[in-house]
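Input: a single structure, listed below in structure tokens.
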Amino acid sequence: MRLLQNRYRLQLLNALSLLLLLGLWQFLAFYLNSNTLPTPAVVAKVFWQETVSGQLPYHLGITLFRLVVSFTIAMLLGCALGIVLGCNKALDAFFDNWLVIFLNIPALVAIILCYVWFGLVESAAILAVVINKLPNVVVTVREGTRTLDQDLLEMARCYHFGRRKTFIHVVWPQLHPFLMAATRSGLALIWKIILVVELLGRSQGMGYQLHLFFQLFDVAGILAYTLAFVAVIQLIELVILKPLDKKAQRWRR
Amino acid sequence: MTAIAIDIHSKTYSAQGTAPAHRAIANLKLTLTSNEFICLVGPSGCGKTTLLNIIAGLDPDFKGDIRLETGHKKPVIGYVFQNPRLLPWRTVRENITLALAGEHAPETVDALLDIMQLTQAQHVYPERLSLGMSRRVSIIRAFAVNPDILLMDEPFVSLDAPTARQVRNLLLELWQRRPHTVLFVTHDLREAIALADRLLFLSPSPMTVMGEISVPIARAERNDEAQVEAFRQKLLAHYPEIKTLL
Amino acid sequence: TLRLGILAFGTVAWEIEALKQQKLLDSAAFDLEIHPVANPEAGKIALQSGAVDIIVSDWIWVSKLRASGEDFTFYPYSNTSGALVVPENSPIRSLKDLPGKRLGLAGGELDKNWLLLQALGQRQSLDLNASVEKVFGAPPILSQQLLRQRLDAVMTYWHFAARLEAQGYRQVLDGRDIVKGLGINEAVPTLGYVFRQSFGEQHRQSINSFLNSTRQVRQTLCQSDSAWQKIIPLTQAEDTVTQNKLRLRYCDGNIDSWGEKERQAAGRIYQLLKNLSDNRLTGAGSALQPGTFWSTD
Amino acid sequence: MRLLQNRYRLQLLNALSLLLLLGLWQFLAFYLNSNTLPTPAVVAKVFWQETVSGQLPYHLGITLFRLVVSFTIAMLLGCALGIVLGCNKALDAFFDNWLVIFLNIPALVAIILCYVWFGLVESAAILAVVINKLPNVVVTVREGTRTLDQDLLEMARCYHFGRRKTFIHVVWPQLHPFLMAATRSGLALIWKIILVVELLGRSQGMGYQLHLFFQLFDVAGILAYTLAFVAVIQLIELVILKPLDKKAQRWRR
Amino acid sequence: MTAIAIDIHSKTYSAQGTAPAHRAIANLKLTLTSNEFICLVGPSGCGKTTLLNIIAGLDPDFKGDIRLETGHKKPVIGYVFQNPRLLPWRTVRENITLALAGEHAPETVDALLDIMQLTQAQHVYPERLSLGMSRRVSIIRAFAVNPDILLMDEPFVSLDAPTARQVRNLLLELWQRRPHTVLFVTHDLREAIALADRLLFLSPSPMTVMGEISVPIARAERNDEAQVEAFRQKLLAHYPEIKTLL
């Protein structure tokens, strides 16, 4: 009973917060009364028009495709590298410099070089995103790997768990919070990067479209597209990340 | 069928920050014949856990040599750690079955869970167990792998007297059914006498063997508290060199 | 085929659209493939990566690249240039009124118009670089800031300037005025088609034919209202005032003559910019590189 | 002795990796022979010229100043918010939406709106960076807070540690790896963002300068500035982060 | 000067995932007079730790009422947890002094460290300690705060016999020097008899009091093993209701 009520309360709070944000926005827009901050209603209208015209779904779809591909590659590679570096001091010493350098190469530089070398093709765009995102994942996962519980690893060794079992049952659950952090901030980072990537070398996608709006200073358009993206991420959050979180945390008292 | 020849010249934990280097074991020579049941008794912090870790192959950083003479290639080791070391994100049952290589008979696990009164708790995550329950899980895990060498680091603390008695009997039963070498750390002399073929008394750090006494009581009579007590009194009275340990 | 990288709503796009509307593309001596790009830098990347054959850019950049061994070449497309825009009732009437004012500048400190404006200032013994409060920024933001009266004037690209004009803002002077003020009377192109010389030589026929068609279609757009009406959606302007202003400025930029005189004038401007920017804009080349300009014959 | 040798070995590896990277670069540049990838020597020359002319130190200094200010604000605020959200389910439910939204507002949008509302001034630039970085820190720290050891917190409560002591001695050390991850990827993120911020509305700084180079397609200039920045970050890494890491990890066996 | 009145109607751990709800304590009524030394004996998993947590105020989620009647406002509680619960990133000494409010005499800590033979290890991080050493640190921490209520959850396991004896004596000495209420969980009946004013025998979950026996041996004679043993035999023989626990 109480638990149920509790859950309802949390959901209520969740809905409330959205409402409050909308209210704030409406108030601000009303108060400023400038085309630099259109009201929610105006944005919703633009959103609707763009959706009906098929423009928004088209560009959103393309950007999401790029996001999914590059996110997957970056996470898989990043986890592998992060774990290896976290476990092996020699490799870590060797690649630490590279990591810092790649971490701090401006998005712009990586993108330009990728495009110029590999041509304005889809794979170059995705590679550019991966290069930007990968070092972040590596750094986070490496940090996580360094905190692994030695007692449990010893136990696994003693009982001959082997690599696969050790990874799945001992290492992975401990890395979970770090992976969650990397995922959440990673989606956001990729989204920031992908916009620049599309801006500089693709003829479709949200970044391309947002730039057009920016040239015309069409804030309503920008916000409508932003909202669409945020909604998708919110959906991912609700359908994938939250349940994952819940499942991974259910052992906690 | 596992004999163990231990010859540790020295085991030193290296200095780190303000902490000085610490020599935990010095010149420890020890031979365990096949299927022997040995109890280790020694002061807190002398190096018992360190020794068990070395035997289990968890700590290769020592000078000396450990030889495990087994029939087949790699001896299976069951280790009841001093802390339960359960995976908190796996249920009780998963924690046990994970330690079993590939195929295993669920009945053995069921039977062990039953004896340890954990059948009810088998699908619970370890955070919901009391410490004594966690310890029992860790004991089941060590028994379930059918070890050639069984290392037990104070396994029965936190168990109430009746349960401890029961588990002690179970241990002996398993040991007699399928002989294996057991190293058992305890601070309870009565327990040690009731279980061991041989008692090893260990010195404070750096650890070495101070005394070695075979227990002359027949296995059948070990349950008799009076006999155990009598032998204990004898020990207390007649072995001045291990006096400080008792 | 010619692969053309253009801004989605740029003036080249207008012309291509007009070509399509007038069904001139089917009969043309060239095949066109359009690659929309989001901004000029994206165009440069596209050209260098080989994704497109032709883009629209400026000749100084071409000369700079030629100096470093590339073989890009340039054919003029438009004379339109940026302009200095102020609010209607602003006290700023000429260069002399600028010192002490907050001036928004598109394109950064190496922007050609800004460099030339400084040269003009020097002739009137004004050190604009020191006396003006410079605010560099992206053109859309600069326009916005001017609208909100956070800037006193902006020096911005022509289409942003035209849109501001349509909202009642006043153009103080534009790029051509500045060049004239510096004693160069010839109209020197600002933008043009850029492609590899080797590519041009291989496809001389189709390129020349393409250049020709676009020149003609521009005439139509400037002269025929019906042709103009058809491409209005591409101007991205809602109101006729803005549309007309854009058309006016667009047609102003028409290239009337392109001959030896103009090329020499370009050479002089190049030297000017080279000195003004301390070689930064022009790169290592000591003078305008030969072959920078494509000759149709 | 062995430890010492070990340290030398690691440092050697470290130096080796830099050399290898340089070699790779030289080889690639030589092989491609294009002005899109100048050789290290060319970049070094540009670097030297820009340093002597004072341009590079000037712009680098300004960008670093912005970086430090916005990083400090974002980390402090982010930690506070992250810890609060990690501890309090109701607040978390309330602000979760906001977090997702702010996390996924494109850098561009935040920057434009900041500039438009607050003008092309320094504080607007810094605010824009903070808005972009803050949600990342919050998400990471929140993840860390959720994994705090309850046993130790109970111990602290039982012995009346009070808020301050609990925070310093119980919570902080457990958050350390998460903070390190947030710091490392945070510096990189801010660097990516600040470039856009400076590009869109500042008249000095690395972003402004890089944009100039970019317009001229001067890759050597871009790389020279990038290297300068990477060197600074590497210095921060060596002088601040590594020692911090070491100090925080010295209790591990 | 602390009396404790415990009246727990029920304590239930709520269901979570596959794990069912678990009623750990039911109708537990208990009054501890000031400065009483109570030993709790009960089967593993019955709810002893749960009870101590409730008394320490760490677990407010139960039905019932705990009243601590102290002279001054807030009783100071010393709690030796079942696991040492040391901060691994603070040295041994820091772990102890952190528990002390503001001003404290370093000499007390020094003295305690000395008795527990941890002076050498005082600047070492807990990861370098053996389990028994960690336990001793946790005991020092509880003693050092000068508690009004001392909760000890199997504090002396993992200690060797001589050390355990010594700590037991120290505990009694401290208790007699500055009286306070002690709740002491143990599975070792001999230890319980040697220490307690009163023994409480607890039933398996849901836990409730099954039997309550005062120890009639004078404090001075508690060190006499024979007397303790005699009373233990009496218990075993004469109290059928607690037979299952012993």
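Should a chain be cited, it is by its letter among A, B, C, D and E, assigned in written order, with residues numbered from 1 in that chain.
Quick note on the criterion: a residue touches a chain if its C-beta (ideal position, glycine included) is under 8 Å from a C-beta of that chain, and two chains touch if they have at least 3 such contacts.
Worth saying up front: this structure is predicted, and the values here are computed from it rather than measured.
Colleague: When every step has to jump to a touching chain, what is the lowest number of steps that links chain C to chain E?
Modeller: 2
Colleague: Please state which pair of chains has more C-beta contact pairs than any other pair.
Modeller: So the chains sharing the most C-beta contacts are A-D.
Colleague: Where the centres are mean C-alpha positions, what is the separation of chain B from chain E, in Å?
Modeller: Comparing mean C-alpha positions, chain E is 26 Å from chain B.
Colleague: For chain A versus chain D, what separation do you get between their C-alpha means, in angstrom?
Modeller: Distance between chain centres, rounded to whole Å: 17 Å.
Colleague: Averaged over CA atoms, how far is the centre of chain A from the centre of chain E? Could you give it in whole Å?
Modeller: 50
Colleague: As a quick test, compute the distance in whole Å between the mean CA positions of chain C and chain D.
Modeller: About 38 Å separates the centre of chain C from that of chain D.
Colleague: By the touch rule stated above, which residues of chain C touch at least two different other chains?
Modeller: As it turns out, chain C has residues touching two or more other chains at 41, 48, 138, 140, 144, 148.
Colleague: Show the residues in chain D shared as contacts by 2 or more other chains, in ascending order.
Modeller: Residues 36, 112, 116, 214, 250, 253 of chain D touch two or more partner chains.
Colleague: If a residue has to touch 2 or more other chains to count, which residues of chain B qualify?
Modeller: As it turns out, chain B has residues touching two or more other chains at 16-17, 83, 125, 128.
Colleague: Give the list of chain E residues in touch with chain D in this complex.
Modeller: Touch residues, chain E against chain D: 53, 56-58, 76-77, 79, 81, 83, 85, 87-90, 94, 98-99, 101, 125-128, 141, 145.
Colleague: Name, in rising order, each residue of chain A that touches chain D in their complex.
Modeller: Interface residues on the chain A side: 9-11, 13-14, 16-18, 21, 32, 36-37, 89-90, 93-98, 100-101, 103-109, 112-113, 116-117, 132, 135-136, 139-140, 143-144, 146-147, 150, 177-178, 180-182, 184-185, 187-189, 191-193, 195-196, 210, 214, 219, 222-223, 226, 229-230, 233-234, 237, 249, 253.
Colleague: Which of the residues in chain C come into contact with chain D in the complex?
Modeller: Residue positions touching the partner: 40-41, 44, 48, 61, 64-65, 68-70, 104, 107-110, 134-138, 140-141, 144-145, 148, 150, 280-281, 283.
Colleague: List the residues on chain B that touch chain E in their complex, please.
Modeller: 13, 16-19, 22, 41-45, 47-49, 82-83, 91, 123-125, 128-133, 136, 154, 157-164, 187-189, 244-246
Colleague: Considering only the defined contacts, which chain C positions touch chain A in the complex?
Modeller: Within the complex, chain C contacts chain A at residues 8-9, 35-39, 41-42, 45-46, 48-52, 138-140, 143-144, 148, 236.
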